[in-house]
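What follows is one structure encoded as structure tokens, with my remarks underneath.
Letters are used for the chains, namely A, B, C and D, taken in the order the chains are written, and counting of residues starts over at 1 for each.
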Amino acid sequence: MKFLEYKAKGIFARYGIPVPRGVVASRPEEIRDPPLRAMVKAQVLIGGRGKAGGIRPADGIAEIRDVAGRILGMDIHGYTVRTVYVEERLDIEREMYLSFTIDRSARDTLLIASSMGGVEIEAVPHEQLFMEHVPALVGLHPYVLRALTRALGLEGHLAEKVADIARRSYDLYRAEDAELVEINPLVITKDHRVVAGDAKLVVDDNAEYRHLEYAKLDQDRTPLEEEAHAKGITFVQLDGDIGVIANGAGLTMATLDILNLKGGKGGTFLDLGGTDDPDRVAQAFEILIKAKPSVILLNIFGGITKADTVAQGVKRALDGMHATVPVVARIKGVNEDRAREILKGVGMHSADTIEEAAELAVQVRRGGV
Amino acid sequence: MSRTAVLLTRKTRLLVQGITGHQGTFHTRAMLDYGTKVVAGVRAGKGGTKVEGVSVYDTVREAVATKRANASIVFVPAPFANDAILEAIEGGVGLVVVITERIPFHDALEFVPYARSKGCTIIGPNCPGIISPGQSKAGIMPSHIFSAGDVGVVSRSGTLTYEIVNEMTRAGFGQSTCIGIGGDPIIGTNTVEALALFQKDRATKRIVVVGEIGGTAEEEAAEFIKKHVTKPVVAYVAGRTAPAGKRMGHAGAIIQGTRGTAESKVKAFADAGVPVAEYPRDAAALLGST
Amino acid sequence: MKFLEYKAKGIFARYGIPVPRGVVASRPEEIRDPPLRAMVKAQVLIGGRGKAGGIRPADGIAEIRDVAGRILGMDIHGYTVRTVYVEERLDIEREMYLSFTIDRSARDTLLIASSMGGVEIEAVPHEQLFMEHVPALVGLHPYVLRALTRALGLEGHLAEKVADIARRSYDLYRAEDAELVEINPLVITKDHRVVAGDAKLVVDDNAEYRHLEYAKLDQDRTPLEEEAHAKGITFVQLDGDIGVIANGAGLTMATLDILNLKGGKGGTFLDLGGTDDPDRVAQAFEILIKAKPSVILLNIFGGITKADTVAQGVKRALDGMHATVPVVARIKGVNEDRAREILKGVGMHSADTIEEAAELAVQVRRGGV
Amino acid sequence: MSRTAVLLTRKTRLLVQGITGHQGTFHTRAMLDYGTKVVAGVRAGKGGTKVEGVSVYDTVREAVATKRANASIVFVPAPFANDAILEAIEGGVGLVVVITERIPFHDALEFVPYARSKGCTIIGPNCPGIISPGQSKAGIMPSHIFSAGDVGVVSRSGTLTYEIVNEMTRAGFGQSTCIGIGGDPIIGTNTVEALALFQKDRATKRIVVVGEIGGTAEEEAAEFIKKHVTKPVVAYVAGRTAPAGKRMGHAGAIIQGTRGTAESKVKAFADAGVPVAEYPRDAAALLGST
């Protein structure tokens, strides 16, 4: 789960992390009582807003509304700006970087900090990064914070403030099941406050059941992905036109790769998982059909999965939606012959291997079959 | 005759946590049919009953004490899985196979290092389990596609592995042990650790690594193979066409910025002298040329 | 740090563990608004109150005051009752046992429970005990509580209540740095409440700095031990008459043992620790002299400790208190010759080994020297 | 010539945490004089200074990176000791000797198992440290009473051990390594673990165990000796006259009910065929007859 900046900042504030004062709006005239020396910031779930012109200064209510009006509706890397955040403009003395994230290799949490803030962390040279693991079994102890503030060259009150923000960020990271808590830039103002200039928060989708309050947030999903998510279906929209559906994430990825090697391009990643419940299969196919693929490529390798009930689900969806989209299927599993029978009834093309199925799908798309 | 294998042999005494659920019951039957010594099930409140002829206990400790279980397979739903895994670790089993998917990784950040501190090996979470063909299965994979042999398989995915193993079996390349390490970002046994086990195992002569996008497990595996693995290795990497920033089904299968791409993984394997199959079925063919 | 029952129960209540309603008093007439069906309970830091007659039922204010009057001032195993706790008398359906304590061998926390409550846990047969470790690194998880309530034969609401009390007891154990949190009996009342019938709490002395609010509690110390504790001196009063002082806990114990083998009996355990600061030594000796020993046996094995400054401290204390108590000393360490000189000046007897020193102390005590 | 020893050898590269304190500075000098390779000190805020010629760093990580320290000795006061110990463990040293006394045992309940999970050995807390005579000292014991030899000494106490070792040295029984395991209830390395190290160590031919009342370390040691120790062992137990329920100086030295008495410990040793000295000085004499 990703969070728009203003929502992330709301959560940060709950943990006592200082954030600038701000107001949110989806139309210029909604902006009331904003900070009068402001930054107007596009709220989109993608980086690079600043360079794209999505973050601009404005002074006074009139200019703020004017600038907001120009930012609202902008397209930033494919994302339409529907919300702006009008925030107190900070007098920046120094910008730093601070984040907690998961280190998969070390199977541990990684604290990353840098005295180079306000830029993409990937662009910061390795020797400019402070990195320290924070093991979940013992938690964040003062020695890490001492090393952190030392690496940032901070002393006295500023060191204490940054250490405190780091401690609170880690609490947030743990308690909110975050994958990423990032403050970039972490700003020292000219009047010696330490404030989260930006706030990025990504929460583990698998922990949604522990944070039901987040379930309805704006997500980085297309409307169809959102619909699939609501139904518990693993679905990603891609930029090709062949609808790929398979069982298992790895197999679905491999099917897309093979399709590509055969000259086709996948328009969907749809992982049926282990299900052979015809109702679930039908639901998944409905999503798939709504994605308007030119052809559907179905690849089931079901050692245990019952192929015939999968086929029933496919048939049910095609019939129910009066869909005429051609289906190329490669089905292996229990009752695979019966499955082929059922799908032949809806005009399905059949293949023995993924490779053949992929080739066939490409041919069908070209109108060659 | 006793054969060696990695982690799981015909002597392993398995208990099933969450045996009374649909999946638990179904796979208990399937594992018994395969010859796995499923000695006990655990489900609080159902102690004293039987599932598929297997005695059910209220706690892991009872199951271990009564039936000398030394491994566990976990089917318990995600919100209760952490508890079940800790119970298994404290109960004293040496191997815990976690089938459950969608466990928050913050839970794994605790139970994975804790298991390690107790000398307990975790496989998974979000994995198909482990099978030593002809000996035992602690997992949910279809048994009939496997055949006993000398190829060790380590994989981040389920059905894709079945596809590859099926082809291997047809081509005459039987398997010593297949470990489905799971598709989550934090897993108990990673690719490098599985490779280390296969390198040591006398029954394993060759190794297949099935990787996918996300993280750097394959890059680390390639590095490890260069330094420590003398047995021939072939690889397959899924997700060559996956876009950045999208989670491809597995919680761990995501390209983040420029990290975790298939290109990087394929290149790492190539640099380590590991042939990488273009199509899944080619893995078996590549094995033939090692 | 040990706690009187009523103070322990106050802390238990803070953690949400149900305790009976009660009032505390040090004189019968102080008792106001007590539960009218009451138990009057002597508040002493020693077990076996019940058998000694320190816990009695009483009904109505008159009888309660009367019974309280008889309990106050009682001597229970050497402890004078200065406080009574007048508590709601429970209608007991069942008594159980629950505790969290430290398991030194396992280096872990041990949860002990039994369906035999209200008796000394040492007397309960091993097979009647439920025992499970609770590792600090991961904490108390539901599987432990399930096993616990199952072992106690509980189901439904009662199981939930007991599990909840166990969870809260563990929280208390961790947060208060407890060595022991014990509820014995843990009572199920006839109206299905679950209540802590008694409450025992022992907090780690070393954690006093984290719990300064406990520093002034009644402790299981003699007044002289209390004085020593306040000065940071490690001192235990024993029932012999020879004042033993040494440096290091093990050496002090060994000195007491050797004294015993030589026919003497130690009256004090006084561990100087590593100090050779004459002021600290003088303070320690003052405590020792107040214990009125017939002889003082001083044993210093100081590899690094400066023996002469120790001797200066001894002299200062003896001079300052005009004490005439004979001192037998065995001193090894830096400047040990100079130390002997100093102590010879105050009439000290000197020995080369502990054994000789112990023998000499026994002789001196018998007037043989 | 390189000699074996337990845990600490002349090659050990020691860092001192809390080097700028009175005790830290004093014992840094003493350890240097003994020949210990004290390669660095750590004290936050004092990085860049020197103490007794030893470079001080702000963090353990810097000290390890710059000076390749592989062991640490902790003099940091109790309220900050947990933090210092965790810093040492995470900093990657393999041995942490905790001199600090009065550390709450709830802290030790965390750092002791955590250290173990990271493959780090903790000695203490509340201990005099460890010395391999003629090689190195990571501790606060008076150096001059020790002499190199073949007796391993494990002890829960400080000065009492000096007394015993002094007598051993006079009687010609030099020491391979002396480990002061500490007087706290929760310690990083217990008597059994020290015995296991001595049993394995080629430089150790005989062993002295110095025990005291409280807990069951000696009973477990006796059991372990019976089963696993082939080298001669003699013992001493302090506290035969200690009353029940009183804490005798060490946090761990307390008879609780009927548990932890000297009688029980002496009996356990006798049952295991371990001679128990009546007077501390007798330990040396008993060694002569083993």
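Basically, a contact is a pair of C-beta atoms (placed from the backbone, for glycine too) under 8 Å apart; a residue touches a chain by one contact, two chains touch by 3 or more.
Note that the structure is a prediction, hence the values are computed from the model and not measured.
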Larger contact count among B-C and C-D belongs to C-D
Relative to chain D, largest Cα-centroid distance belongs to chain A
Taking each chain's mean CA coordinate, chain B and chain C are separated, in whole Å, by 53
Between the Cα centroids of chain A and chain C the separation in whole angstrom comes to 58
Between the Cα centroids of chain A and chain B the separation in whole angstrom comes to 27
Where chain C touches two or more other chains simultaneously, the residues are 135, 137-138
Note: chain D residues in touch with at least two other chains are 110, 113-114, 117
Among line, ring, star, complete and other, the chain touch graph is complete
Touching chain B in the complex, chain A uses residues 102, 104-105, 107-109, 122, 135-137, 174, 177, 179, 204-207, 209-210, 220, 234, 236, 238-239, 246-254, 256-261, 265-266, 269, 271, 274, 301-304, 332, 353-355
Chain C partner, complex, touching residues on chain A are 137-138
Listed in rising order, the residues of chain B that touch chain C in the complex are 44, 47, 58-61, 80, 82-84, 86-87, 90, 110-111, 114, 117
Within their complex, chain C touches chain B through residues 132-133, 135, 137-138, 141-143, 146-147, 150
In the complex, the residues of chain B that touch chain D are 113-114, 116-117
